[in-house]
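There are structures below to look over.
Shared between the two complexes below is chain A, which has chain B as its partner in the first and chain C in the second.
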Partner chain A sequence: MTGRTLVTGVIGSDTHIVGNRILTMALEAAGYRVVSLGALTPAEEFVRAAIETAADAILVSSLYGQGELDCRGFRDRCVEAGIGDILLYVGGNLVVGKQPWPEVEKRFTDMGFDRAFPPGTRTDEVIDILARDFGARAEPVRSAS
Partner chain B sequence: MSDGGHALLVDFGSTYTKLRAVDLASGRIVGTGQGPSTVTTDVTVGMEQALADLARRLGGTLPVFRHRLASSSAAGGLRMVTVGLVKELTAEAARLAALGAGAKLVGTFAYSLTAEDVTTIEDLAPDILLLAGGTDGGNSAVILENAAALSVASIRCPVVVAGNRNAATEAKRRLEAGGKPVVVTRNVMPEFGKLDLEPARDAIRAIFIDRIVHAKGIDRAAGMLDAVLMPTPAAVLDGAQLIAEGIEGQGGLGPLVVVDIGGATTDVHSVCSGEPARSGVLVHGLPEPYLKRTVEGDLGMRHNAAAIVEAVGPARIAADAGLPAERVAALLALLADEVERVPQTPDEARFDRALARAAIGLAAARHAGTVETVYAVTGPVTVQRGKDLSAVTTLIGTGGALVHADDPADLLRPALADPSAPGSLRPERPRMLLDRHYLLYAVGLLRAVDPAAALALGLNHLDTLEEGCHARHRCVS
Partner chain C sequence: MPGTVASLDPNPPTLPLSDAAIPGDLFARMRRDNLARWPTGARVDVEEAAAFHKTLPAHKRLPAVLRRAVAEGRCLTQPRGGFATLAMQTELMRTLDRDGMADIVPTTTDSYTRNEQFVQAQRGVEESERLGRSMLNGFPLVNYGVDACRALIAGIEKPAIVLSGTAMPKLTAEIGYAGGYTGYLGSGIAYTVSYTKETTIEEGIRNYQYVDRLAALYQEHGVELHRRQPGFLTGTIIPPSIAIMTCVLDLLLAARQGVRHYGLELGQCLHLVQDAAAIRACRELCQEYLARFGYTDVFTPVTSLHWMGAWPADEAQAAALIGYGGTLAAVGGASSVTTKSTHEAIGIPTPQANAEGLRTTRMAIHVSYGVRLDGLPAHEFEVDLIKREVRAVVDRVLEMGDGDVAVGTVRAFAAGVMDIPWSPNRQVKSRVLPARDADGCIRILDAGDMPIPRDVMEIHEEKLRRRAERERVPFDHQLAVGSVYELSEPLSRLMPAMVA
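Up next, the complex of A and B:
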């Protein structure tokens, strides 16, 4: 076990659950404790779950093209709730149609996400980057287990 | 089967001391007795009077009782404060656990307690405080901070710690350092979105028996009783559960809802899973407890009559009562002056009926879950929050307003599903029963020692209202 807790879920009215399930299972296999909120999860639900479970990161999925609307103010919600320093990732099919990735990425990092991931990101990439980000933060494990 | 003999079942209420004497072999009431509530002075005085009343009704002598059990809601009931972390999560779980244990919630808190919160809790001086927060292995900072804040507070009540198990020992240490009696039990929310309320409920009931009964002076009646088992609302919930589930070899009535309308509050109990009755419905929010009790502190026939009128609007009360608005205002003023008032004129009776119908409708709607249609891009998705009571097969009404009504079914009907409010998941076609003899508490108490007799008692004495036809016939005759 890594001793780290992650919250996953698909934000907004989005029902695309497959990728999020695969990602959740891969993260569990990598030794994370994962609080999986599933499809159709409102933004505030991610934040509440993260507080109660003392999560170290939130991984938001959005596939149906409305991610930009659903994710607006996500970091602010966390700041408001006292977990402003939590690691935030977002991935899936973040915007409608084909748009240059650097622009899309910037829009999401401007919203306060630490990282945004393009369509087709593989789970082992996500696990590598997570490990690196936690290492770089070099803070003690937040969860009290 | 029961071995026979008699049981005495006592409710130390806030106004009356009530007795039910039951024949165990037949599961029937043989007599009732009533005395004043004297818990604040000497509980035995009211008990003696109630026993004398019972003896008189039984022709002068009392049987030898095999069991003598009591519940209590006197001296303010079991006054509790709950503290959790996130309002919608562990704070809500703590609230549900305390209500299920039969408590009267006097304060509910979430997140870190502020200095003002602690002062408020000191002023409330609860009988028991339930401290939760964090899933197991989750947040421990807030429960520990709250334990530290409470340890230096002037409260002396026992604290039940039912939060993050990784922080429980340290929370206990901090509270004990401040001289607070502490009981640690399992987390009310061990994992995100999972409830485990029974251990906290059991801990609260144990403290009630061990300490609160003494603290409230009810143990003065110890010589007249085998035990004071639980707060009265917990006995009602236990009774409802037994009637729903039955026992080995004798089935119960199945999923049920109890509406108990009182002078100050309206309680609703449900015994059912609450899962969607229809397929393809997505459930959101916290899972719901199978045994659920809600208390509407603003819906009471006397102390809160004005609040009922305000909640539904004077126009609706006036329309339902068939009275002019000014008359409604005048009748309301009358009740404000005299909370013990019993309706004396036809107008008062109609006003009371409208009040009860409004309170029952609101209380049932607040207890029941809701569905709403969310328009996802693919089309509509039905999302349920709370318990679906639509398939509940039995609705039991109790409380003075119902028992004394000419047509109790007519008063209970607002608790049912309403085609004009399809989003409210209230019972659709339950059989409606009336607890005319106020014995649900007695069923709950007796269940602890003789479940077969307790079940028979409930099934024997709950009157079927049959959609009101009986009552209506009697009304015209």
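Up next, the complex of A and C:
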């Protein structure tokens, strides 16, 4: 076990659960404790769950194109709730229509996400990068509740 | 939830759940309360709308167009599509009609509208106008209202259908039908188990009983409207039999409300024989169960849907799925095919890419006409297998409801007798797990609590074991997970070059 807790879910009015469920299974297999909120999860529910479980990161999925609206102010919400330094990832089909990925990525990192992942990202890649990001932060592991 | 329309219904349905037609006086009350939930509802008047429908020429009325397609043995094309503003939507529908030669023109609603978050949808419209690009994944039909819909209908020379993936369809159906749309996609079982987390099966069934009863009300006013069932479900490796079980149950629920023009949609498995077998089995089983309930006058065209799972990012690979999907629909004898585009892997396509998907499909249909698999042993084997699975489960569902389809369905989901792969809904056990076999057919790896006959399950297991052996992987649930993203893989993994 890594001793780290992650919150996963699909944000907004989006029901695309399959990829998120498979990601959750892979993260659990990689030794994380995963709090899986499932489909149709409002932004505030991610933040609440992260506080309640003393989570180390929030991984937001969005597949339906409206993620850009749903994710606005996500980091601000975390700051207001007192977990402003939490690691934030977002991934999926994040915007409506085919737009150049670097622009989409910048839009989401500007919103305060530490990383944005394009469609088709493999679970192994997310797990590698998570380990690296946690390593770089070199924070002590939070006490698991 | 912020922006959600509060339930203002002061007379919540007082009748216990049943499959009986909603009585006229109760339905009038339900409609009044429903239409009061958003300002644009006040504009809806069924008599006025029926008169409007009667002014539409036959080629803009979907029920007539579909009957003609079946009579002539044609396979029609229909894309999906919706953008945030009326201007964008007008342009999109014209492009699909003219450049794409779509036989049926769609209006997909955005996800806020599908969840009845009309305040948020309004913000999406405003943001889209400000930024000059669509910030919504569909058209907010309720916010715009009846007259905007009629303007859209006036802009095309084809029939139009509302596509609104929701378990809460009551306002979109009222506005859409009154606005001149002659088709509405959605059903109480299929969409509730595929598009919601907390909505109960009972609530979903009740909501669509309303829509079906509404279509029947137009029928009473001399206007035939098309209703349609989204049997593609979660779009994730759905075995044909499970799709068809929901087709039959949703169809019976609609027929009980008075619907007489009801289409069934099946997502493609991408196996020529299995898909053709699914289309035929669906058509025959629907009529078989209708007859059991005494209905001989319900028209049930079957639509085949381009692959609903994860798509390859490579547009060349995607183009193959599009063309092949046209062939699958035509060879299987589907009345129409719902198309995707080469942009599918990254999300919502541009109007041009969407139109290209339509033309690719149309050409594939053209060169595939005349080919039929009926009579081939492999085809008959699959038809028989599907029918045995469907009858075993549907008969059990009907028993559980003592003959009442609605009650039986609710009880069957609670018991896991009806089950759906990869469902987001908490009321669905989602223990059933499908996977793709060595020949490319979708099989059931684990039936969960579904009463699929033992000898049928042995066939599924044998075929999946062959795949596990061929690929030297264990025969376990990983086969199911591996099947989910399989076809989105690059060719270098799917079919590597031969090496010396």
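Everything that follows uses one rule, which is that the second predicted complex is superposed on the first by the 143 of 145 C-alpha atoms of A that agree within 3 Å, B and C clash if a C-alpha of one lies under 4 Å from a C-alpha of the other, contacts with A are read in each partner's own complex, and residues count from 1 in each chain.
In this section, a contact is a pair of C-beta atoms (placed from the backbone, for glycine too) under 8 Å apart; a residue touches a chain by one contact, two chains touch by 3 or more.
Everything numeric in this text was worked out from a predicted model, so none of it was measured.
Of the two partner chains placed around the shared chain by superposition, chain C is the only one that A:119 touches, whereas chain B remains out of contact.
Contacts of A:25 after superposition: chain C is touched, whereas chain B is not reached.
For chain A, the partner with contacts to more residues, out of chain B and chain C, is C.
By the touch criterion stated above, A:40 is placed in contact with chain B and with chain C alike.
Residue contacts after overlaying the shared chain place A:52 against chain B, while chain C stays out of touching range. In the superposition on chain A, contact is made by A:5 with chain B only, not with chain C.
With both structures placed on the common chain, the touch criterion links A:64 to chain B and to chain C. Once the two complexes are laid over each other on the shared chain, residue contacts for A:15 go to chain B and to chain C alike.
Of the two partner chains, neither chain B nor chain C is touched by A:134.
Residue overlap on chain A between the chain B contacts of one complex and the chain C contacts of the other covers 13-15, 40, 64, 66.
Residues 85-86, 88-90, 134-141, 164, 166-167, 189, 191-193, 282, 284, 374-378, 381, 383 of chain B are the ones touching chain A in the complex.
Those residues of chain C lying in contact with chain A across their complex are 1, 83, 110-112, 114-115, 117, 120, 123-124, 127, 133-137, 165, 194-198, 234, 236, 310, 313, 343, 345-350, 353, 422-424, 481, 484-485, 488.
Against chain B, the residues of chain A that register as touching in their complex are 5, 13-15, 33, 35, 40, 48-49, 51-55, 64, 66, 143-145.
Residues 12-15, 17-19, 21-22, 25, 38-40, 42, 63-66, 68-69, 93, 95-98, 119-120 of chain A touch chain C in their complex.
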